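Structures follow.
Two complexes, one shared chain (chain A), two partners (chain B, chain C).
On to the complex of A and B.
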């Protein structure tokens, strides 16, 4: 097998056939091929690494002696590495890939400057790697999702500014003048992350705020990494891929445009304070957080009804292709996620779930279930177009879907219901710590099994990626006609 | 492997069902439509109603400023405080000896006249058994304390030449009275005490003046 030759032909396809077919789209895909492939590759590698660390952390909860003799694998280091690689390694890379693809395709042009973009991506991933090494060396900071050592912050931010700047230039270069909701969500996400990251770095690392302010800033930041960056990119991807793969407009698009967008941005930026219910802050601060979190019910309802009714309207199409079923999985996860987020923030539930594994479970549901599912689906949509090749084995994609779904369900049940159980047990004033841990063992086991499923899914997607890159280009794949031109989207009043 | 099974497999490529430009244009057109009945609209309105109602009651319950219970609670506290401030009060009763004892140690007195009132030879006269201190008229030590004393002085047959500052401007009447009472009743001295009213009378009598000299006070010993 001529691996080098196949790899070369994957990266630099020499196509024959009707080159007029999809000429502009192929030109766009070709100009962002390198950055996107490197983003997708990095995201898959980080995902596997992250789940391995997550597995170690999870096994330690029910078998504390596991890896106990290595200081590198203490729970205090493994757990932050798991979350940080998951967020900054996997979801940011996958999210960037979706943002770049969507902006280029919807704008009908790119900013060029592929080398600049690729360098920014390399700097980003190097910074994440440096951060992981820093945590292993014991240099971690004590803030949730900001555990990377202080020197990583500016590098990470510079790389982000590079990628974001490229995206803004692409948006500015667009040839289709009207804009679509996906583009708004992406632009909002880019500006929001620049804002929350500088604010958190300045207020926690450069000029550290004192006392209870630190927890407030940290919970604000951690909530907003999801609420103002990961979730908007996921919405953008869903809003683009639903009409793209189902061939029908988004249901109720009119209401999405203003209500959902603005209320989500408004409420999400305040929702972080709800984590501090019963915490060392004035009552009104956490109350504002709870109200903002409850306000998210409004955009969450609008968006989930849109997503689910768009999907259900073309239900038969869901099982005919890989991407829509991932979108369905993500949309259903979104409904459950918002339920647990909104009603878990109320004081009555927080009195039970505070300081338990509940929040980790909700985060897992958000990252693996909602964002992860949608980004995986988008990856399977993008890869054939970037390489002009068919997915080598749809069975692997199928397996990826079902193992990821299984993993999300098991991890969520294990951590969310386990967290509730744990909180209820610990609330007794005479709670016996060992008895609580013993009662939690089955939940911990379930989480570990779920993570194994997630790891299998990640390995399947890595296999697909690797196989796609090195497989021999067939005759059909040498033709520019491999991917059919998409029909016009029909206008149907909704 | 049958054909049927193969047909159920996913395709290698997810076909695009809509071109990018038409997605933009169709959705832009949908945005211009008038508002009509739609499941999204219905559920969004429902959610808006829920969120508004919830927030209204939650704000009333948990934003402390809007809690009428808190206000009532604060009002009773304020009323209790006012009652305490307005409680009936009689004339103040000073423990002059204790006030003087405290001030003697905490002010400069102890530095020159020393802890047992023995003074420093040639410089600062003693207070113990000093004729100036235990004079039958307590106005004499009161005057010295109020306006100070400078120049040569003979106490108990010994010559001293020092300088004592005026403490009248710095201390209140009851404090002066405390100090005078203390030095007249300590270390074996057994003279009468003074009150704040006595000090006030002396203060009014001598007014604002320069330090005394021993000659000016000779009238007390004639």
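On to the complex of A and C.
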């Protein structure tokens, strides 16, 4: 690699070649159609499976006799299966789809090695499946978001390296030498996940560190999966899709993005330790985490101002198409999420909410609300372009949007406000454990109802995807100018 | 802007510092602790998990009990001490010999650090696994019927059959016998107790005050 040349061109970027037309976009889309469709299909199957497991877990909380006679479905098994399929099944597949689409589109070159990419995707999903079976068979590890049996780790990692390698090559072969903020976020996500997953696998699974160190590594890893992988991919998608769907550049992209990017990565990578406050580790460890968590306020504010003001400036455009509505939902969820995450990590709040359902609620808000909304919106953007077809039924998309929104709200209230109530009883009083269960019943029910809404949303979107894939093309859909892009916005300078 | 090398360098530095300052430094500080020998408190501390309890620990991991139960006591927050879940803060040394630690971060049920002290009777635990409503009515802990066998009594009833209260009794001529899994798990539960002090482990203010009062009385 010509480092000096690259450094030079980083100071004086060459912006020629920014103009494109729909023809070249179609060629790019065609080159990634097959792997992208497999990612989207796997993601939706995992989402539905995951919510079904989540429902079983949630029902068990208020009706413990549900499925109690089957050793395959203990609460302790379905709960980790829910989280792991949600993260590695749904969000990783959807996130990979967004990353591949964005890198190819922004790079401006048709992609090669489709077969290699597809094989990696198949290996990834097979490994997730093996992990789920492993947990049910009783091989689970006691680490949050790393419950998959030990043999799954290396396979998942190999598949990840395959997909990541493909992405890096696509980034490297880009026609436009300059790079857009979305590309940094994606590269950062891929690089960070390879790092944190290796560290966690080595220090937790293969050669477990001693005693309390394991919880530290685990919290560090779990927080980073969100902070350094899921969230960056979501930011990348938002930064790309907002200008594309609203028809205007992102507000403040010249000043904000750079600072937000580096501070987010820096603070995120330390924030996980905050979970260990009051725990069996020296105080400085959790203090570093709390400080880092608080530092996240800076990039979180910058990014949410950017997203929301871009959306509000073009508010009328939000209701014209499917995608921007989901982006709005995701951006609003992000504001609430960061509020609960940052202020929930402070010592005073943690002394109330620690070990309650609060953290699960924050995670649900992050995964279903923030990342989930944005990735769903992105899928409604990608699918018509990949297949050159129009969305079959706006009603289905509406139904999906409102059910998912309703689900996110109910699950978040059930778990976050329920978690606060549970924490106040558990940490702030000596109320009997049975009394806590009784007080929590309504919250448990609310979570179950929220998950039913989320399941309905997932089924509506699956119907749309399926319909879109199998329907015949109409005359209008045979033509190349069905989808009108704004080519000058393909590339929004950063 | 073509920031490829700059991007990688920056990411590498940030992740490396997070790894070094947070994980490596911690590992130096509390990841290489050794057991203590204290004859007054009964030998090696912590005491370790042995025998059927070790098998029980594997089952605890397999069934995912960690999803609802923690094994850590805090003195600086919460009401763990008031609830009688422990007498002092859990510290890193308590976990050094546990292999895969089961510290947990969710308390849908109570903490189990000292459950062996609170409930030292294995039969109580067996009844509790068979149907938690027998021992703690209103609990949302599921029952684990697959850890038990309901079988016809042939000749004498088995010595280890559960003595079920009337409203939960199985039909006449049958008995409920715990499988080896249930017995190991119960052994693990009764083995869970932190009945020793460590110098580095802070106690709650109340416990410290009591100890001070006793020490003063003895001194007089």
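FYI, the second predicted complex is superposed on the first by the 461 of 494 C-alpha atoms of A that agree within 3 Å, B and C clash if a C-alpha of one lies under 4 Å from a C-alpha of the other, contacts with A are read in each partner's own complex, and residues count from 1 in each chain.
The rule we apply is simple: a residue touches a chain if its C-beta (ideal position, glycine included) is under 8 Å from a C-beta of that chain, and two chains touch if they have at least 3 such contacts.
Keep in mind the model is a prediction, meaning the values are calculated, not measured.
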Joint occupancy of chain A by chain B and chain C, clash or fit: fit
Chain B versus chain C as contact partner of A:26, first or second or both or neither: neither
First (chain B), second (chain C), both or neither touched by A:41: neither
First (chain B), second (chain C), both or neither touched by A:191: second
Partner chain(s) touched by A:269 [first = chain B, second = chain C, both, neither]: second
Touching partner for A:298 - first (chain B), second (chain C), both, neither: first
First, second, both or neither for A:250, with chain B first and chain C second: first
Superposed model, chain A: greater residue contact from chain B or chain C: C
First (chain B), second (chain C), both or neither touched by A:397: first
Which superposed partner A:309 touches (first chain B, second chain C, both, neither): first
Partner chain in contact with A:384 - chain B first, chain C second, else both or neither: first
Closest Cα approach, chain C to chain B, once both complexes are overlaid on chain A (Å): 7
Intersection of chain A interface sets (partners chain B, chain C): 178-179, 282, 288, 347, 494
Chain A contact footprint on chain C (complex, rising order): 1-8, 10-12, 14-15, 18-19, 21-23, 26-27, 29-33, 61-68, 70, 72, 74, 76-79, 82-83, 89-110, 132, 136-146
Chain A - residues contacting chain C, complex: 1, 3, 6-7, 9-10, 13, 60-62, 64-66, 68-71, 74-77, 79-80, 135, 138-142, 144, 147, 171-172, 177-179, 184, 187-188, 191-192, 195-196, 199, 203, 208-217, 219-220, 262, 265-266, 269-270, 273, 275, 277-282, 285, 288, 347, 350-351, 354-357, 359-360, 426-430, 433-434, 437-438, 444, 494
Chain B residues touching chain A - in the complex, by the definition given at the top: 9-31, 33, 35-36, 38-41, 43-44, 46-48, 50-51, 54-55, 58-59, 62-65
Chain B partner contacts - residues on chain A that touch it in the complex: 25, 105-106, 108, 176, 178-181, 240, 243-247, 249-257, 259-260, 282-284, 287-288, 290-291, 294-295, 297-298, 300-302, 305-306, 309, 317, 320-324, 347, 380-381, 384, 390-392, 394-395, 397-398, 482-491, 493-494
